[in-house]
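What follows is a structure written as structure tokens; I'll ask about it next.
For reference, chains read A, B, C and D in written order, and residue numbers begin at 1 within each chain.
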Amino acid sequence: MKKGVMRPGHVQLRVLDMAEAVKHYRDLMGLIEMHTDEAGRVYLKGWTEVDKFSVVLRQADEAGMDFMGFKVVDEATLDSLRQELEAFGGLDVSEIPAGELAGCGRRIRFTAPTGHVFELFATKEQPGKYGVGHHNPEAWPRDVGGMRATRFDHCLLYGDDLDNTHKLFTEVLGFDLAEQVLDPAGNRVAQFLTTSMKAHDVAFIKHGEKNKLHHASFYLDTWYDVLRAADLIAMTDTSIDIGPTRHGLTHGQTIYFFDPSGNRNEVFAGGDYFYSDHPVTTWDAEQLGKAIFYHDRVLNERFLSVLT
Amino acid sequence: MKKGVMRPGHVQLRVLDMAEAVKHYRDLMGLIEMHTDEAGRVYLKGWTEVDKFSVVLRQADEAGMDFMGFKVVDEATLDSLRQELEAFGGLDVSEIPAGELAGCGRRIRFTAPTGHVFELFATKEQPGKYGVGHHNPEAWPRDVGGMRATRFDHCLLYGDDLDNTHKLFTEVLGFDLAEQVLDPAGNRVAQFLTTSMKAHDVAFIKHGEKNKLHHASFYLDTWYDVLRAADLIAMTDTSIDIGPTRHGLTHGQTIYFFDPSGNRNEVFAGGDYFYSDHPVTTWDAEQLGKAIFYHDRVLNERFLSVLT
Amino acid sequence: MKKGVMRPGHVQLRVLDMAEAVKHYRDLMGLIEMHTDEAGRVYLKGWTEVDKFSVVLRQADEAGMDFMGFKVVDEATLDSLRQELEAFGGLDVSEIPAGELAGCGRRIRFTAPTGHVFELFATKEQPGKYGVGHHNPEAWPRDVGGMRATRFDHCLLYGDDLDNTHKLFTEVLGFDLAEQVLDPAGNRVAQFLTTSMKAHDVAFIKHGEKNKLHHASFYLDTWYDVLRAADLIAMTDTSIDIGPTRHGLTHGQTIYFFDPSGNRNEVFAGGDYFYSDHPVTTWDAEQLGKAIFYHDRVLNERFLSVLT
Amino acid sequence: MKKGVMRPGHVQLRVLDMAEAVKHYRDLMGLIEMHTDEAGRVYLKGWTEVDKFSVVLRQADEAGMDFMGFKVVDEATLDSLRQELEAFGGLDVSEIPAGELAGCGRRIRFTAPTGHVFELFATKEQPGKYGVGHHNPEAWPRDVGGMRATRFDHCLLYGDDLDNTHKLFTEVLGFDLAEQVLDPAGNRVAQFLTTSMKAHDVAFIKHGEKNKLHHASFYLDTWYDVLRAADLIAMTDTSIDIGPTRHGLTHGQTIYFFDPSGNRNEVFAGGDYFYSDHPVTTWDAEQLGKAIFYHDRVLNERFLSVLT
């Protein structure tokens, strides 16, 4: 009785200028550059991640997210989940062969009702934790710079059909609804979904368009690391959105900023934990300001409208 | 495909003087006092825990642990795990009726090969997070004092038969071996087992006697909370074992001390996370000092020999 | 060869409703309520302060600062500074008799060229650090709540004649100019003055009107305390200005908010230290956004225009 | 009325192997290597220090401290203090010509009644804060590694004649006694002396021998930096004495370790502040364990007996 879907495994982001993007994700955020494939895509990961990569950058004419992938426990689970996805209907399920992403096994791809492309995979090369390994491991590697982001954590996505996406993630993929925002009529306008102890592995906010990326988020160790991240944003004249602050939803300690292509990033620390028997945490839409930015208790327009 | 066993649900500890013990666990450690039952047992929990209690104190002539309980996802899983425990053999499986612990459903009890008594249960009253609840919840309750321990986290137990206990926890209960210490002959002398993203939900160290408690551990938010805990230990003239320091194993930031009955407690923050596809982290017994106390790199005699 | 002027000793603030104000400064900010005098003024101090009080609240029809007082080393120094103040000219020097503020000796009052009223005094009752005292003192008192502000730290004042006020503070009172902002023509538009290792004991910003208060500031131990302060601001629905963030000037970690009368408060941690041989730190006015709010690098209108 | 003696300006330490010592102070502690003089002495400083150097390493056959120097406000003060030192009697006052230490003006040297050699100087080259300077300065330099010690802070010295050394520092040099330890007969067995807001700029403990160094101490920003320092001590297999912990005296958060020559170092954060009107804080010798190590409340033998 293992959990089927383990965790967010990777996100492929479109960037306008690869050199600038690598500088941002590697030198500023402190991700480890792992590989460049024949198509010119650059692969990175956080130093605590055991798999070969969690971020793939692809040069394109428009920023945004190509797809987000989840790792499942084994190939048999992958087969069984493929069948369930096909039975769900309308998801345009397909298989990407092993090796299309370097070091990654076959991926089962589908399009969620919000228009976002997701993938499941069971196999990826596993070089282990960067710099410390798994034999008498030191506490942290001394040569990681920048924000020292420890792992790719989750994405927040904007799209239209939240209800069927909720149904897909909970009934087929085994996620739980950890937190939600309800409008006065009781409609869910935000849903935070988890397949682990994390407060969210993927989240959706109701929006008129399909398939928009709000942000890709990375984990930091502490509130002091959020301060260091903010300092580095200032020192490198990086475009900031908002922070340091705390969220009401999940209570994480956070800062938002933009990569050179305009994709929003978050780095955050702390936040609530979740087990599958926990009651759903509900925020009222009237309290959305506090739910999003706990300290300011108002939303900035940019946070709501700038998407890629 | 939900995980069967979710988390440590409770530990029942024997204390020599109930009034002193309550003062320690409630006023010093900051646990919430929830209930006293007809037998005089006192129930407490950390403020982030949604279930009714996670610590039960029972007055007795000798300190130590009566049993540790794990919560499973539902009653059907409890039935199926009972069958598997009985099929495993030699565990002396029995059922404790609902209500024997106030607010807790029936418990399936068994004795592990190390001599420790464990329980599984699926149902417990769920008053929700203390002081903040689940509707537009504030970040933390303002009226929690002392160390503000957020939850009961794990136990470290000393016993003889590590191999069969490992087999029981991994093959029947679905735990993973996250970390281990191997002696030069390759024998496992310490095993850290998890059923979640936590680096350990229960751990065992090889020892000549059966059924000994090394410590019951509680989670704090940050390294600053470890400092505050250490300060409070000094201010209240509480018996300290060691800390603040960091572990090599799990890399948690920790301090150890004793309750008035001599049971060892830990409060800690941080530490590694785990997924079921992670390689086992192995420490060599020659590095045991660093594995246990990362900074000092030597063990103190008290840590190895004082057990209840 | 002792320093003549030691530190900011007190600030008297006008508040519109005393009960609301006491709730704010005592319960939210964590200052210790020390005294109410016959005129109904309420006296408070931070727990680390040895003197009887550092904040005096006076009920009035309009918010703002009545005066700010500095403590000098002894009565002889007070006499000699009085003579120098009179020799400086135009300061409207007067003496307030001992006891007009409860527990405080005679005060030499004067009006700086910016229109702000300052005082010097040498004697104040000294009950010592709250809760811990000076004999085998514990690290901190267990019964201080709220933000746990440790001391009144400085004021930022807006006024017109910065040059003569600079001359007064450096030539007569022995302060040093630690930091400044210069406009493109080389005029000083902000001056941060110190009489200690602190980056500022009082600061002035160029402004068309005389005698305006921007904020009274209080010191916290750490960046985590700034987060707690922000959380408490949210929980108590207190009006926030901006933060948590860092300043460029002094590099302190800060948050701004308003008392119920509209007086702005700051609580902050960290920041640069100063010695009298240090070069003046200069910020260009073109970089004023970054100088004030290091992370956002832009000013909010409210920060510039809301004064009391 | 400026303070005459401003701060600890430098310490010259004897090391057995220069290459190993530089590796320790530069790469592990994160001091900035500034200069090597013709005699082979290596000069370093913390990144926040504005003067050219604060640590001088000299290769010798025996570890220990050659001398500790204090910076005074100007050359006239230096002359006047020289006269007072000579009038005090028995201090063996001499002048070291400018340039003997590279970039440093003339130094007035004397031997305190405890046998330690001290110096006063008024002039030193002032390159400013490392990496950030004093014009629109960033919050911190990105290229400082290791423990990132921010400044040389103080020395703790062991010697015999505490009373006359106290008289010398308070009556001639203008220091204040901030904290003391008294034995049951009321004799001062430890004295912490300050010439600033710091809880100590130099401290002495009663000891049978003259002229021993207990440790040279360096300042860190936060308790998290103390954790990082402890981690780096473990990673580099550096000899640790004790920590992380907190002192009772000064309440600083600390860790002690040894350089490769056996000189003890401290890095610490936080701690109390001092003004010259503060009452002396007194610890009873019966509480010496708690005064030194607030959490453990017992002394380790090594801390008392290992000196250089």
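In this text, a residue touches a chain if its C-beta (ideal position, glycine included) is under 8 Å from a C-beta of that chain, and two chains touch if they have at least 3 such contacts.
Note that the structure is a prediction, hence the values are computed from the model and not measured.
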| item | value |
| --- | --- |
| Comparison of C-D and B-C (more C-beta pairs in contact) | C-D |
| Farthest chain relative to subunit D (centres taken as mean CA coordinates) | A |
| Subunit B and subunit D: spacing of chain centres that average the CA atoms, whole Å | 44 |
| Subunit B and subunit C, separation of their C-alpha mean positions in angstrom | 48 |
| Centroid distance [mean C-alpha coordinates] between subunit D and subunit C, Å | 31 |
| Junction residues of subunit D, two or more chains touched | 139, 222-224, 231, 234, 246, 290, 294 |
| Pairwise touch network: line, ring, star, complete, or other | complete |
| Subunit D residues within the subunit C interface of the complex | 1-4, 6-7, 48, 50, 71, 73, 77, 126, 128, 134-137, 139, 174, 196-198, 221-223, 246, 248, 251, 270, 272-273, 275-284, 287, 290-291, 294 |
| Of all residues in subunit B, those that touch subunit C in their complex | 138-140, 142, 145, 222, 224, 231-232, 234-235 |
| Subunit B to subunit D touching residues, read off their complex | 223-224, 227, 230-231, 233-234, 237, 240, 243-246, 253, 255, 290, 294-297 |
